[in-house]
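Shared between the two complexes below is subunit A, which has subunit B as its partner in the first and subunit C in the second.
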Partner chain A sequence: MSLSKYISVFKISFVQEFAYRLNFVMWRVRNVMQIFLVFFLWDSVFSDPTRQVFGYNRDKILTYVFGILFIRALVFSARAVDIAGEISRGDLTNVLLKPINYFRYWFTRDLSSKALNLCFAVIEAAILFLILKPPFFLQTDFRILILFAVLLVFAVLIFFGLLLLINMTPFWAPESGWAAQFLFMGIITEFLSGAVFPLDIFPATIQKVLQFSPFPYLLFFPLQTYLGKISLSSMLGGVLASAVWVIILILTLNYVWAKGMRRYAAEGR
Partner chain B sequence: MDRAIIVDHLVKNFEVTVKGPGLRGAISSIISPKRKVVRALKNISFTIQPGELVGFIGPNGAGKTTTLKILSGLLYPTSGFTQVLEFDPWDRRPEFLKQISLVMGQKNQLWWDLPAIETFELNRAIYEIPKRDYEETLKELTELLQVEKLLNIQVRRLSLGQRMKLELVAALLHKPKILFLDEPTIGLDLIAQEKMREFIYEYNKRNGASILLTSHNMDDLINLARRVIVIDEGRIVFDGALEELVNRFAKEKIIKIFLSEEVDIKRIEAIGKVKKIAFPEVVLSVPRSATAVAAAELLQNFPVEDLTIEEVPVEEIVRKVFRGEMRSRVLKK
Partner chain C sequence: MLKKISRYLKVWWLMSRNSFLGFLTQRFGAVIFLTGKLLRFGFFFIFIVFLLKGTKTLAGFNLNQTIFFFLTFNLIDVVSQFLFREVYRFRPLVVSGGFDLVLTKPISALFRSLMGGADVLDLITIPPLVVAIILAGRTLNPSILHSAYYIVLIFNSLVLATAFHIAVLSLGIITLEIDHTIMIYRDLTNLGRFPVDIYKEPLKGILTYLVPVGIMITLPAKAFIGLVSFKGILVSFALGILAISIALRFWDFALTKYTSASS
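Showing the complex of A and B:
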């Protein structure tokens, strides 16, 4: 594997994002709007600074909200949402004909999207910070910060795996790409990952069940770790669970891809 | 290596869902989807030598493109043996992909929102082409196709013809040893078609590349292919020299004349079979061997303003072939 191939893919993908400037700006506006809404919601719930709900105080819940902004940019920004269309239109052909690994190709394109979104998230957060002047919880325990970083890497991989699996449905049902994507991205992931509200709000049994799904490890669990809301042993358990999910997803992905490729008809030409 | 491409008893079936018309069809296809197996390729075999330029012809849906897709590793064959440059295409190994290219008339690998040069640079990295080779090839290709001035313009702003030429550059930067061309001149104007043909010919000569070309354009085939493979309903019905095909099945040539004044059509009918009269244009078909005589006679005895001699379109020959004239005696080289 030569790295320079992927550096070139990263570059062209980055340049491409700028071709859709307006699109990108609107996407960022959506993110900021969401933060505003969630921020004011929690700000009013916790108007009394001594109040504690679901184990959150004012500082921690508002840090959670700001954390969402960053983690969304890092974990949820992706270009691989285009794969479904590429498969149903037959444009997959273009990449298949080239001596490049398809998964790595898209992962690189995702990374370029993440880099761009993260840059903007930093600027937005700075502005929001100046406007809202929220209290902020700063984690100082070095061990926790390392675990947080590891969890984020796994979160990126888990999201990539889930997204690719969803995007392969057109191999079997060419018209299904958009609906599957919307259900997965718009609803399941948003709610079950904790991007709308912290998952502690759910009843304990649902939380237990969710623990065994990959979704909390996308956003909620890393943030819990950062906020130091759980014990070190639970954190390590979460790291393990994330790692297991990464492995499961990689295996499933390879299997589904091999099956899908045999069905691929390279249509549309 | 004495064979660039080997295809042996290749079979490809597709499974498709059949949908009835209208709302009722749509609903019933959701409740109980009917599946149907389409047999796209029924046991075909052929080989191609290094440096050979072969035309692949047949009606729409005959299986030409399917064959090209299997040979470039995009489709999984149902059964049979295929080998390209001693690789199994389906493995799509990097060493294999670096030596082939598939160009399709309506395909776009160029990044739509960016200038073509960006795609070229990306291909340089992906195919790991050394910088010097890349610059040399790029210069050579852009000069041959006269697209030097288009490299920095957003692809979406280019015309179809310009885009096709740039697609070709993108597909050839890595100097493939095997080139699959699917309708390379489709949608191009006559001058661009001519240029494209010259270019393909030149590329074949210079690089000793094997080229497998599909086209509905007789000129493409006449000017480029020494050998043609005719495919119909998933079977090879002819494989041999082009002259053999044309001589055997195009026993006539088409003469088109433009008259400056009306004449008695009966007099023209004495020279050849009149196929169309739309004054001032008259189209007639004459035996191949008598073409020159017929043309001379027309020019001498009629007020002819313009006269052109054309081949019977390949479609017509192919149609003849398909009417069963070939099926009884399939020829192989």
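Showing the complex of A and C:
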């Protein structure tokens, strides 16, 4: 595998993000506004600093909110959302003819998007921090920080796998890529990952059921780990579950891709 | 005047029917999209119920009141999306110069751009939402006067929503940017998903008067609960009239900036 061509893809993709600067700025503004809603909601709930609800105190819940800003930038930022359109328009053919691995190509483009979004998220978080002056829970246990980092890597891989699977919908339903993306990535993933509210407001039974899905490992579980809300053995269990999901998604992805390739007829070209 | 209204109603019906036929060509995608919308509603509803079970109150409002705020937000959001879905499709018209064809037709270009394609998916969700509002509203035991306040303030909210959409269209002509502007409008109104009382100053003041999300969404529900005076209602109407006047002037100004590029 030649790394240099992927480095070139990374650089080109990074520069491309600046081609539509206003779009990018607007997208970031939207992210900040979503944080406003969640921040003030929880700030209102925890207006009494001594209050404990759902196992959170004021410091931990507001750290969770700021964590959403970072993890969304790292895990949820992706260019691979364009794959569905590429397949339905027949533009996939252009990439298939190139000496490049399709999955690695899009993963590299995703990485460049994540790098840029993360840079902006850091700046936004600093500004929001100065404006809102929230209390912040700083994790100092080195073991937990390492597990948090490992979980984030797995979260990036799980999200990539889910996104690609959903984006392959147009192989079978060319006009429905946008709708599938809205349902699975815009609604189900968003809510069940804990990006809108922490999942531990749900009753224990629902939480247990959700643990068998890949969604909590995208955001909720890494943040629970960072906040130290779960035991070390549960953290390790989460790392194992994330790894299993990565393997399941890679296998499923290869299977669906092979089926899709047999179905692909380059309509529109 | 009546003749003119009747002509515009006919045109609106024709355009809405065409929009419905377009919807029938993408049934599978539309069903998935509708499922997504219902799921989002369901997730937020469940969240509010579990949250308020744990906290008992939110900014001083109990569970039933918070649900009523949430349903009111959804009603205004869904009705404005149903009426103004065409705004989301406006950009290609301006970018391609196809807007020329709209300008030459013997109907208002603003009417065509704003209401040229009612959304069937949103229409489907309006009746159950109204029923839910009636059921939730009954638990709050409102007086007839407060119910009347609620209804007229909902109309005022739709006037404000119209003003927002006209402003987005106008900005679209000047900057060619619609997609994110309309989504920022949606994000702003989303801040009204919960009563604006949860926000601190100066954000609360901004959301009440400058970007009147509070007047648009929180105020009708507050009036229903009996927390708004007659003076407050008059002020909100004045703001509605002011907003629509500014938006219409902005539209006139934006039209002078249309270059007909690419046509």
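Heads up, the rule we're going with is that the second predicted complex is superposed on the first by the 269 of 269 C-alpha atoms of A that agree within 3 Å, B and C clash if a C-alpha of one lies under 4 Å from a C-alpha of the other, contacts with A are read in each partner's own complex, and residues count from 1 in each chain.
As a convention for this text, a contact is a pair of C-beta atoms (placed from the backbone, for glycine too) under 8 Å apart; a residue touches a chain by one contact, two chains touch by 3 or more.
Not measured: the values here are computed from a predicted model.
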{"item": "Which of subunit B and subunit C A:D43 touches, first, second, both or neither", "value": "second"}
{"item": "Which partner reaches more residues of subunit A (counting touched residues only), subunit B or subunit C", "value": "C"}
{"item": "Touched partner set for A:A265, first subunit B, second subunit C, both or neither", "value": "first"}
{"item": "Subunit B versus subunit C as contact partner of A:I146, first or second or both or neither", "value": "neither"}
{"item": "Which of subunit B and subunit C A:V122 touches, first, second, both or neither", "value": "neither"}
{"item": "Partner chain(s) touched by A:L251 [first = subunit B, second = subunit C, both, neither]", "value": "neither"}
{"item": "Subunit B versus subunit C as contact partner of A:V29, first or second or both or neither", "value": "second"}
{"item": "Common interface positions of subunit A, toward subunit B and toward subunit C", "value": "none"}
{"item": "Footprint of subunit C on subunit A - complex, ascending", "value": "22-23, 26-27, 29-30, 33-34, 36-37, 40-41, 43-45, 53-54, 173, 175-176, 178-180, 182-183, 186-188, 191, 196-197, 201-203"}
{"item": "Touching residues (chain side subunit A, partner subunit B) in the complex", "value": "2, 4-5, 7-9, 12, 15-16, 19-20, 93-94, 96-100, 261-262, 264-266, 269"}
{"item": "Subunit A partner contacts - residues on subunit B that touch it in the complex", "value": "14, 65, 69, 72-76, 92, 94-95, 97-98, 100-102, 104-109, 111, 113-114, 118-119, 121-128, 182"}
{"item": "Subunit A-touching residues of subunit C, taken from the complex the two chains share", "value": "26, 28-30, 32-33, 35-36, 39-40, 43-44, 46-47, 50-51, 54-55, 58-59, 175, 177, 179-181, 183-184, 187-188, 190-191, 193-194, 197-200, 203"}
